[in-house]
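Across the two complexes that follow, chain A remains constant while its partner is chain B and subsequently chain C.
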Partner chain A sequence: MHTHLRKVFVCLLCISLLLTACAAPAAPTAAPAPTQPPAQPTAAPAQPTATPAEPCLIVGALYGGPKNDAGYNQAMAGSMAAMAKNIPCVKLIEAENVPDEAGAKTTMENMIRQGARLIFATAFNHQNPAFELSKTYKDVIFEHAGGWMMSDNFANYFGAPPNSWYAMGVAAGSMTKSNKLGFVAAFPLGWTITFINAFTLGARSVNPQAQTIVAYTFSWGDRTKEADTTNSLINQGVDVITMHVDSPSTVIGTAESRGVYSIGFQDLSAQQFAPQYWITGTGYTLGGKITWLTQSVIDKTWKPIFLRCGVKDGCMAIAPFGPKVPKEVQDKTLQAMKDTDDGKIVVFKGPIKDQSGAVKVAEGETLADDKLGSVNWFVEGVVGSPK
Partner chain B sequence: MTAAVDRTRRERRLNRRIADAALRYLLMLLLALGLFGVILLLSGKNPLHAYADILRATLGSTYGFSEVLVAMTPMLITAMAVALPSRVGLINVGVEGQLYMGACLATWGALTFIDLPAWALLPLMVLLGMIGGAAWAFVPGYLKAIGLVNETITSLLLNSVAPKVVSFFIFGFWHGPMDTNKTANFVSAARLPTFFGTRVDLSLIFALALLVLFWYVMRYSRWGLEMRAIGGNPQAALRNGIPLKAYQVGIMCLGGAIAGLAGMALVSGYFGLLLANFSSGIGYMGFLISWLSFGDPLGVLLVSFLVSVITTGGNLLQLTQGLPYAAINILLALALYIVLARPTFVRGAK
Partner chain C sequence: MTLLAILGIISSAIYSGTSLLYATLGEVVGERAGIVNLGLEGVMLVSAAVGVAVTSRTGNPYLGILAALLAGVLMNLLFGYLVITRKANQLASGLATMFLGFGVSALIGKDVVGVRIAALPRLLLPGLEGLPRVYSSLFRFDILVFLAVPVAILVWWLLFRTRWGLGVRAVGENADIAYASGRNPLWLRYQALLVAGLLSGLAAAHLTIAYTMTWTEYMTGGRGFIAVALVIFSKWHPLRAIAGALIFSAAVALQLALQAAGVQVSPFLLDTLPYVLTILALIAWGGTRRHSAPASLGRVYLGTE
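After this line comes the complex of A and B, so read on.
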């Protein structure tokens, strides 16, 4: 009896393993392309190892989650694909679902062993291992998305989301009827808090009554928790919802099914999950800058720079508006986007008070850009704990 | 004279058992690779190239082999944390949680006693890690012993609590100014020593020592005998005067302590810091490995080795063959299914 129980148990675990394998949306292995005939092993098409022309540069890119998550990883992978298309002589090798911290080291070492001389590490927790490897491999250039460390062969790049988040806040603040906005966040990280603050400041600039209710899932990609959190926010009366997790699909899909407005982040393709109640969204479109960085490595003109770029540089974009968004709200949102980009509106300009009413940024001062990643307080109007 | 003959016979039998087991697992591996090869063919890849890549990346170089050992170490320890309680009929699904609590307490030690030298700090962290894991396992063990709740349920449910406790301490007290989801890097005295410039650290020795100790105790000691008696028939064991409840609580705690050791080894050796949600299911993998190998030390070693080769080598397939990550999970699941089915290639295999 025990062995039976044991077999059933292990069977279940195996099935769950298989299910996770297939859970990635449209995992290509699950459905082999029907057009391809089952080739003989000997007749297999030329392997990448046997490409006739030597690539001018081998670029490694690693992602923290699946490449087709309609979110952060898709946005990052999309910009890599754009680069590979722009510079055809580059050979791009990619790895998805790369684990955190020490786990990412193996992947990057393998990439270097495959000849990669430029590595894009795109997950938050890839920064430390990439930086450590950059000390060992002096001839390899590392670029991290959104980090802050710098050295001779280590730099970072990212979009500048605070301005777009301010515009998203303007849209949300104009659309809400209950004056309660929901924000599903993965972790209380410095950047996440900055996004929430910018969003809230934007919302309150058009609707001083607006509040942002923050709830964490403590995971970048736990779909069950994301759905639960979204539902409980909606049950509290929230009527516009947005998020900072890897894939916006669950939160947006759940909001849509409850008839609640949503605002997307990370990748513009999130709109497909909310045909009705989509307001707008912002996402990363870093293909141009990645192309530029890669070209500079090929031309041997690469220098370590702390690269941040916004909507007007083409690094971030605003998604089309949904069908229920009135023209005046659309105009207001686009105007806010333009004003922040032109510097007419500075998002973190004082006076800014925190939740307790204490002044955090005094009149006439501005929160410096390099401080935005380590903010540990919420502005007035946010409900939730920054810890 | 007879004793010597006995011994050689026993040695020969043991050798044959090892050879049989190795052959059996090798054949199972080949079958799994054959099936996965079909999937590769269907998606237009050359399986021979893919397998050559896996072999080159794992067993073909010192670096690759060291990475396999690095991946295998926590699996070995967590599998022991399941195998031990299973001998007295306890199903410890809570390794994941016990691992987190062990890591949590060990981290507290590493962050508090930063001035201690390594020879004092590391044993202290080992001890703290084991206490953390044992304390977490005590709850299900005790509830089981007093006949209140089944340990399978409680230990499983506690798995989702432990990462929250870790997150509470990281986000509340231990995080750095920018990296808010992890602690600062440990001081070097709090890091397990590594060997030959690879990432293989002392915890591999812990794991192998545990494996041998487990095998020896189960086979040659009174405790082993009593535990087997409990596993066979708890009521009969009780009537024979074996302290059933004490064993249930004690063995569950010991299993938890081993899981806590795995947590300590991960933060002190592999990561060198404590990260929120660091484990990514190592505890569950240990559970799977232990049950697939029927808690047999040799089987645990072979299955963990197989799983590590697939995961380390499989990651490379993304780079060389452009396969998606999901492909590796499929290969792993196939391999585990076949180990589960245990086809009888060899006489005596069950």
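After this line comes the complex of A and C, so read on.
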């Protein structure tokens, strides 16, 4: 009896070893995963044979999640890769999966010790530690993605998503049959609320009956919760889904599996998860501006500026339309994108009412750009709680 | 609330409760043999990563499920080696297994983070073909959903209607007496962990290959621990586990439906609803029937002189 069982165990072991061996052949060859703040340099020390010349600048870049998440982190890492390609003499040190403040601080200090003189901190939680370090290391320049703090050697850069969210709303409002649009959001944060508002204003500009239904996952990357939330919204009759979480892959894949339209955000590669029901999407394409910033540091002309740029400047891009989107909807969407970028349409121009019907932005006034990050009310047409 | 909303919550509960049910069943079998596996979260993560990696490489979700099952068994056997053969403390070994699972799964899953995998096909519940699409789309499930309740019944039958199950339960109650009646407690515990590993693998496979269809680090998001709590809720009984898993995931679906209905209650508060329910259930159940927990749960069997 026991020897028989032992045989079964041994068989199981062998099969599973074989299967895992076929499954992950890349694992051993991959670079050590910097899941934790690296005690050792993340990138291998420069080998004299590989880089004969001294690098003109060492650039450190850190990401809150994995570089290949088909979402925000992939978009950020893609911009860095574009910069490294454009300026070959730059040496790029990267660290992924650095979500927390303490880890970010250690990682950045480590990069500085390796000679980094320009640091791109790309996650929300990186701003405070980067700003602290910028006081200590005056000769290092820090750039934060989407932040608001400024000093002599600390500035920030980002795309300008509200305009593109308005255009996405136009697409969604034109495609919906049930007039219910679903928005899967991570947290009720100022920027997320602004995105939802811009999306809803866009949708209602072409379809006054359209409503945006919002549900929160309370995590930037809990895939199970994202699937739960997406299914839940679809079960309430929503027929277009979009999201503001780190990686759109689960939300879009779930919508596709239910035969529901989706609109992507963060990275253009999200489209692969919805070959059928994809409408369109926007993603960050900051490679050009990152190149420009890096070059200005090399040329010693860098100045701290609050940099925001949209589709027109090449900082954001619209993904190709899906196979089910009629030509007129495509035209309307692209026109809305153009009009918002040219200033013909100002997204947050009054009169704008909130959910209760109270006027929040009066006729003739406009919600200022620096207020967009701290909005705590939803426009008329949004179903959900903003706090 | 409309009929559609209620059916929607039921559909969500069935869909997301499936993986919880499998995980709970696995833990029930282990705990019936006297072993608490707090490492369930880690076991599920490794299974999930292996399942996605194999599915992505072969394009075949069924091979992915098979691989996830084997990974679950392997992880549980490793845990078993610690707590059965090496006679280590179960709680400490469980936590160690969990952290090992975090690291190993991150390594295995590194290359499939942003990858789209072939998902399990979905079939409409038979007899519902005539319904309008809004309704029928609520009841299209994959094979693992349809198998969940039969598997729970099978586990019940194994535990309560077979000689093997009697042995497993005897070991969980009192290993010395089980030994005296001619059973080998160590082997029975290994066997129980093997079955538990298979079920944890199924849970992870459903979560990734059928439900989220993607992988990311720490994607189980605490569901392994919820399963451990659900074991207590279901009083170590496989059939009550069905109710436990359904109620918990219905609470998740309900709070999301309330959010989507525009109820002006803080979504932060709504988000805690399932956990509040869990705590209430534990309070209501706690202490009333002492004998429902296996008597030597968590106790290391040191052998009989």
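In this text, the second predicted complex is superposed on the first by the 336 of 387 C-alpha atoms of A that agree within 3 Å, B and C clash if a C-alpha of one lies under 4 Å from a C-alpha of the other, contacts with A are read in each partner's own complex, and residues count from 1 in each chain.
In the analysis below, a contact is a pair of C-beta atoms (placed from the backbone, for glycine too) under 8 Å apart; a residue touches a chain by one contact, two chains touch by 3 or more.
Model, not experiment: these values are computed from the prediction.
Colleague: Under the stated touch criterion, which partner chain does A:Ser249 make contact with: chain B (first), chain C (second), both, or neither?
Modeller: After superposing on A, A:Ser249 lies in contact with chain C but is clear of chain B.
Colleague: For A:Asn97, using the defined touch cut-off, is the partner it touches chain B, chain C, both, or neither? Pick first, second, both or neither.
Modeller: both
Colleague: Does chain B (first) or chain C (second) touch A:Lys387, or do both, or does neither?
Modeller: Both partners, chain B and chain C.
Colleague: For A:Asn156 in the superposed arrangement: first (chain B), second (chain C), both or neither?
Modeller: neither
Colleague: Per the contact definition in the header, classify A:Pro66: touching chain B only (first), chain C only (second), both, or neither.
Modeller: A:Pro66: touches chain B and chain C.
Colleague: Touching A:Leu189, do we find chain B (first), chain C (second), both, or neither?
Modeller: first
Colleague: Looking at A:Ser174 after the superposition, I want to know if it touches chain B, chain C, both of them or none. Which is it: first, second, both, neither?
Modeller: In the superposed model, A:Ser174 contacts neither chain B nor chain C.
Colleague: Indicate the residue numbers of chain A shared between its chain B interface and its chain C interface, in ascending order.
Modeller: 2, 9, 13, 20, 22, 24, 27, 30, 33, 66, 97, 188, 218-219, 387
Colleague: For chain B, which residues count as touching chain A in their complex?
Modeller: Residues 39, 41-49, 57, 63, 67, 89, 91, 163-164, 167, 171-172, 177-182, 185, 199, 270-273, 275-278, 280, 284, 287-288, 291-292, 294, 312, 315-316, 318-327, 329-330, 332-333, 336-337, 340.
Colleague: With touch defined as at the start, can you tell me which chain C residues reach chain A in the complex?
Modeller: 4-5, 7-9, 11-12, 15-16, 50, 53-54, 57-58, 63, 66-67, 70-71, 73-74, 77, 103, 106-108, 110-111, 113-116, 119, 122, 134, 137-138, 184, 187, 191, 207, 211-217, 219-221, 223, 249, 252-253, 256-257, 259-268, 271
Colleague: Can you list the chain A residues touching chain C in their complex?
Modeller: Touch residues, chain A against chain C: 2, 5, 9, 12-13, 15-16, 19-20, 22-24, 26-27, 30, 33, 35, 65-66, 68-71, 74, 97, 182, 188, 213-216, 218-219, 221-229, 231-237, 247, 249-250, 253-254, 257-259, 269, 272-273, 383-385, 387.
Colleague: For chain A, which residues are in contact with chain B within the complex?
Modeller: 2, 6-7, 9-11, 13-14, 17-18, 20-22, 24, 27-30, 32-33, 36, 38-39, 41, 44-45, 47-49, 60, 66-67, 93-103, 105-107, 109-111, 114, 124-125, 128, 148, 187-190, 218-219, 373-374, 376, 387
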